[in-house]
Amino acid sequence: MKSPIAVVVLAAGASTRMRSAVPKVLHPLAGWPMLRHVLESVMRLKPARMVGVVSPGAKAVAAAFAPHPTVVQRRPLGTGDAAKAALTALEGHDGPVLVVYADTPLITTATLRRLVEACDRAKAAVGVLGFQASDPSPYGRLIVRNGGLDRIVESKEADEAERRIDFCNSGVMCLQGTLMARLLGAIRSANAKGEFYLTDAVAVARAAGHRALAVEGDEAEFQGVNSRLELARAERTLQQRLRLAAMEAGVTLIDPESVWLSADTRLAADVTVEPNVRFGPGVTVASNAEIKAFCDLEGVRIGKGARVGPFARIRPGSEVADDVHIGNFVELKATRMGRGAKANHLAYLGDSDIGAASNIGAGTIAVNYDGYGKHRTVIGAEAFIGSNSSLVAPVRVGKGANVAAGSVITEDVPPKALALGRARQVIKKGRAGPLRAKLKARAAEAKRTRQK
Amino acid sequence: MKSPIAVVVLAAGASTRMRSAVPKVLHPLAGWPMLRHVLESVMRLKPARMVGVVSPGAKAVAAAFAPHPTVVQRRPLGTGDAAKAALTALEGHDGPVLVVYADTPLITTATLRRLVEACDRAKAAVGVLGFQASDPSPYGRLIVRNGGLDRIVESKEADEAERRIDFCNSGVMCLQGTLMARLLGAIRSANAKGEFYLTDAVAVARAAGHRALAVEGDEAEFQGVNSRLELARAERTLQQRLRLAAMEAGVTLIDPESVWLSADTRLAADVTVEPNVRFGPGVTVASNAEIKAFCDLEGVRIGKGARVGPFARIRPGSEVADDVHIGNFVELKATRMGRGAKANHLAYLGDSDIGAASNIGAGTIAVNYDGYGKHRTVIGAEAFIGSNSSLVAPVRVGKGANVAAGSVITEDVPPKALALGRARQVIKKGRAGPLRAKLKARAAEAKRTRQK
Amino acid sequence: MKSPIAVVVLAAGASTRMRSAVPKVLHPLAGWPMLRHVLESVMRLKPARMVGVVSPGAKAVAAAFAPHPTVVQRRPLGTGDAAKAALTALEGHDGPVLVVYADTPLITTATLRRLVEACDRAKAAVGVLGFQASDPSPYGRLIVRNGGLDRIVESKEADEAERRIDFCNSGVMCLQGTLMARLLGAIRSANAKGEFYLTDAVAVARAAGHRALAVEGDEAEFQGVNSRLELARAERTLQQRLRLAAMEAGVTLIDPESVWLSADTRLAADVTVEPNVRFGPGVTVASNAEIKAFCDLEGVRIGKGARVGPFARIRPGSEVADDVHIGNFVELKATRMGRGAKANHLAYLGDSDIGAASNIGAGTIAVNYDGYGKHRTVIGAEAFIGSNSSLVAPVRVGKGANVAAGSVITEDVPPKALALGRARQVIKKGRAGPLRAKLKARAAEAKRTRQK
């Protein structure tokens, strides 16, 4: 593309059908706020300018645009009016201006680029993205003639021949920057709702003798989100894209439909993912690692050949080195596990550093919280932490040390030392019977009391 | 509707294709016995009478009808005969009589109401619910003429023109109460199976000069359940209904297909449900609560802004107040958690009362069972239970008290006291090496023994 | 079938599109390597001989064929050449020879049998399995005339009429053993790729005046696997088959799509499986057992009326007797649980024998590993293991014995004895306040340090 691009992201629309206190474009999709998907797609075009249009008081939405600037559309007077609100921010820009929608999050960079390039090649004043609609009835139809976009006919105003056209208007538009102010200024609000429709820029441009064109994209990219159902549908489309990309990169998803990915999940070739895994944001998994069924991972780098799960939960700030084993009912949080370390069963290891080749017994708890502060547990390499131990942080267990099963460790354990913190076993012969008799009587008594 | 309605629910059919020792209509759907779905739908019509028809010896089915009465169809002589069995129970009733099927559980109140109202308006002796079948071949066709139901043609007996009709008989019928006995009495069993078909009431009524009519419903409502596969299909339809209703009410279901709801699940607006959650019966979730992935909830009220899961399991009788946090691998059962209380990691808290703003450490166990009776653990507000503690119930921990990590608590802890029940740590310097040598030798010896 | 059958399994194909270091035919499907599915299907035909064709150096693939022999196709010169490589191994065999593909794992025994029988009846030199393709464009078309297979037209060479044919070539072939060497020898490689195509055996046979025929199978059986996406699709088809078979056998799958089965999973009638369960290889479940949501089971026999889950993880070598209860966050591994034994909450019971009617408290850990060897825990019948206990194996707890909650058990407990291994509780009145003040100050200090 010759000239620098500018992008306007319209994010001032209402969202009553969401029935939500949260602004629509901040609802998450694949782990990101909806808005971020559009931002990522347009930023890959390396635009010279980017401006968001928000409604008055929408501070959270404006914040989600940061570091990009936003302007406020003062009154909800339609998409044409919203685009006009961005004009000041575009002053002096004479390249193409893309207008996209924050609530149409599935648009891809490639499709936007095709539009810009087509406008550039054809020196079009206006370009519109269209799509073959499986059900065209709700959409405006794009009337193409001689390779150009002749006009857009609203569904209600279409005649019978036009209604048979299934090439529909997505709303996404590319305007020639030098003409934009004039085109938008010429749009009128003489319609039922009294709004200014950006779509009318096509008619305005054509009337002024400019060229318009339409470029086709895939219908799936233009799914808008106006309700929770549409949110779920967009999520589904996005998940299918992410799953397919993972499989094409050499990842085995045993049951792709049951694996939920974030937009930034990175899985290397020959990673295997069993059914029912959720990848929250910020997960990277190296080759030959295996993520077994029923895992919930977020904010973690997992090394080569590691085995995770089933039923593992990894929270942000964790590092899992090569060949580590994390087993069932184990929780990591800001936990670093060195190469070949193992925590195979029922354990909470928050805020811990665990040395290479160490073994963490079943039921081990890193006692990282005292009600006021969080503290770290630091375990050296080749340590052996006996089952059901409590490591009261801050505490260090040295390299090659052993902690006996069932111990409460409140002081540092030197390297190669053995630490115990448990009571000696006592046997009371024949005492189970009398104890049981007592407990049984107590239960019977309690039952009688309840019945009274 | 002017006259009071009566309802007959036919539940005497066989269920050999289920291959089950459990009567078909008691198999669960969305957490309720199949039969209950029909009962709930018809009860919303506020019928003056409701009678179930069961087969001889079907005590469990009759019990599932309670408090509504049932009659027994002595021999399996068809639907017409089954309806006749209900006549005694309807004596004196002169309003409309709806006949529905316990194994057609997806029928809605709205559709039934439309049938009754249409019959009422048209003063029809018989009304039938029909549907546009995607594959009409197995069904009787409804022949409509001049706005009335002319007759029902069985699939086998349909001529070519009739076979092209896709308006099909659901079997659900509304009979004028004053005529019902006469109509049913006139049905004959001169057919291949020697059975009395309720469907024939239409022909009988028409032959006697009465008016019949058909009202259309959605095919999905008439799915019958005769096999486990059909049971799974009905479940799927029901789940889609429940999910859609939740989303329309403002609930975010990130992956709707992976959320399993009970018929009585109540989720407020701006509740978020992550993938893979199962709501058993009796769950209510207030607004802004978040149910994370992999939760299994049943019989619990969850307050506003609470965060539950991932991997939480809540069993019946629990109350989770506003702003409570329940984390991974935590089980509640008849547990009451006060406002803002937290149990974030690996804990079993059966039969406990946990005061507001208390913190339950990782690995805490409420020891509620002694082999004979269940006992309660009562924890005051702002208490801090150290990790890996065992609270041997019945026991009380006072307000603002601390329990040290790894303690076994067998006696009440006064408010603001510190309780410890753990051994002091002992360090044996340099002893890990010799211990490991011993364990290694033992393992080698065991291996040799196994090989012999 | 009159004559003994021989089978050639072609497994020498490349698999670059898998992007995997693992040979394609060893990727798992329903818990088995892909190759095994084909082997199981053909072995049910009880062939007199079975030979695999592998590529040079494919030791792992050859090993997966064991005990069946393999031959090496030296250079990748096409399927005709691969089949030729098997000729030596078939010397003297004069019955039919089936040629199947290791990367077409969904083929069924019944379909193969129909092909062999049709060839036998018609005394055909060559028989081909075909299918009605939903999209025929990529496939060769089978031109059938007078009940015989006239020829196979490659898609590219098909004329307009032939392109409309949707009866397509699966590649699976049955050759008359006495003619096979001659037919394969006559195939030429005069084509774009310079390969020998097995498909050409039809033309060769017809040219020599022999009879050829085509037998139709279901398209789903001929799905080939060349990429991770196709692997996932084959898995899906296989899972649907397995789920349907389970339901037809009287198993309730509440949400079939969320239940993942292995090829060898055996579920009895009136087993109920809740949503989100993964059955790894080697699981058998007896009637009336209930597998609740979110379970991961592998290598276990589960008895009648047992209740497992939710959130249970059972690993290989386990035996769960009738009426056993396994609850949430419980892991078994080589664990034998006697009739009516219960482990309902958070427990790791690796390498244990648990007697009938024993109760294992919440948080119990069988300490089976000391860093070098694995040891067994043996618990007698009717024992009661208090919550949060650690049983340091090897150790025995006698029949009817009680272990107090929170105990570390390092020595055998005699029958009917009571064992304790825990510290006495100490109360320090009013000490929670000062402790908290200290912890709070420490947290404040740490915060200051971090900010510096």
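As written, the chains take the letters A, B and C, and residue 1 is the first residue of each chain.
What we mean here is this: a residue touches a chain if its C-beta (ideal position, glycine included) is under 8 Å from a C-beta of that chain, and two chains touch if they have at least 3 such contacts.
Computed from a prediction, not measured in an experiment: that's the story for all the values here.
Homomeric contact chain A/chain C is classed as different-residue, with under half of its interface positions used by both copies. The best fit of Cα atoms from chain B onto chain C calls for a rotation angle of 120°, in steps of 5. Centre-to-centre separation of chain A and chain C, using mean CA positions: 32 Å. Multi-chain contact residues of chain B, defined as those touching 2 or more other chains: 257-258, 276, 294, 311, 329, 346, 363, 370-371, 384, 388, 402, 422-423, 436. Every residue of chain B that touches chain A in the complex is listed here, in rising order: 244, 247-258, 269-270, 274-276, 288, 292-294, 310-311, 327-329, 345-346, 359, 361-363, 370-373, 375, 384, 386-388, 402, 405-406, 422-433, 435-436.
Those residues of chain A whose C-beta lies close enough to touch chain B in the complex are 18-22, 27-28, 227-229, 231-232, 235-236, 239, 257-258, 260, 276, 278, 294, 296, 311, 313, 329, 331, 346-348, 350, 363, 365, 367, 369, 371, 384, 388, 390, 392, 400-402, 407-411, 413-414, 416-423, 436, 439-440, 442-443, 446-447.
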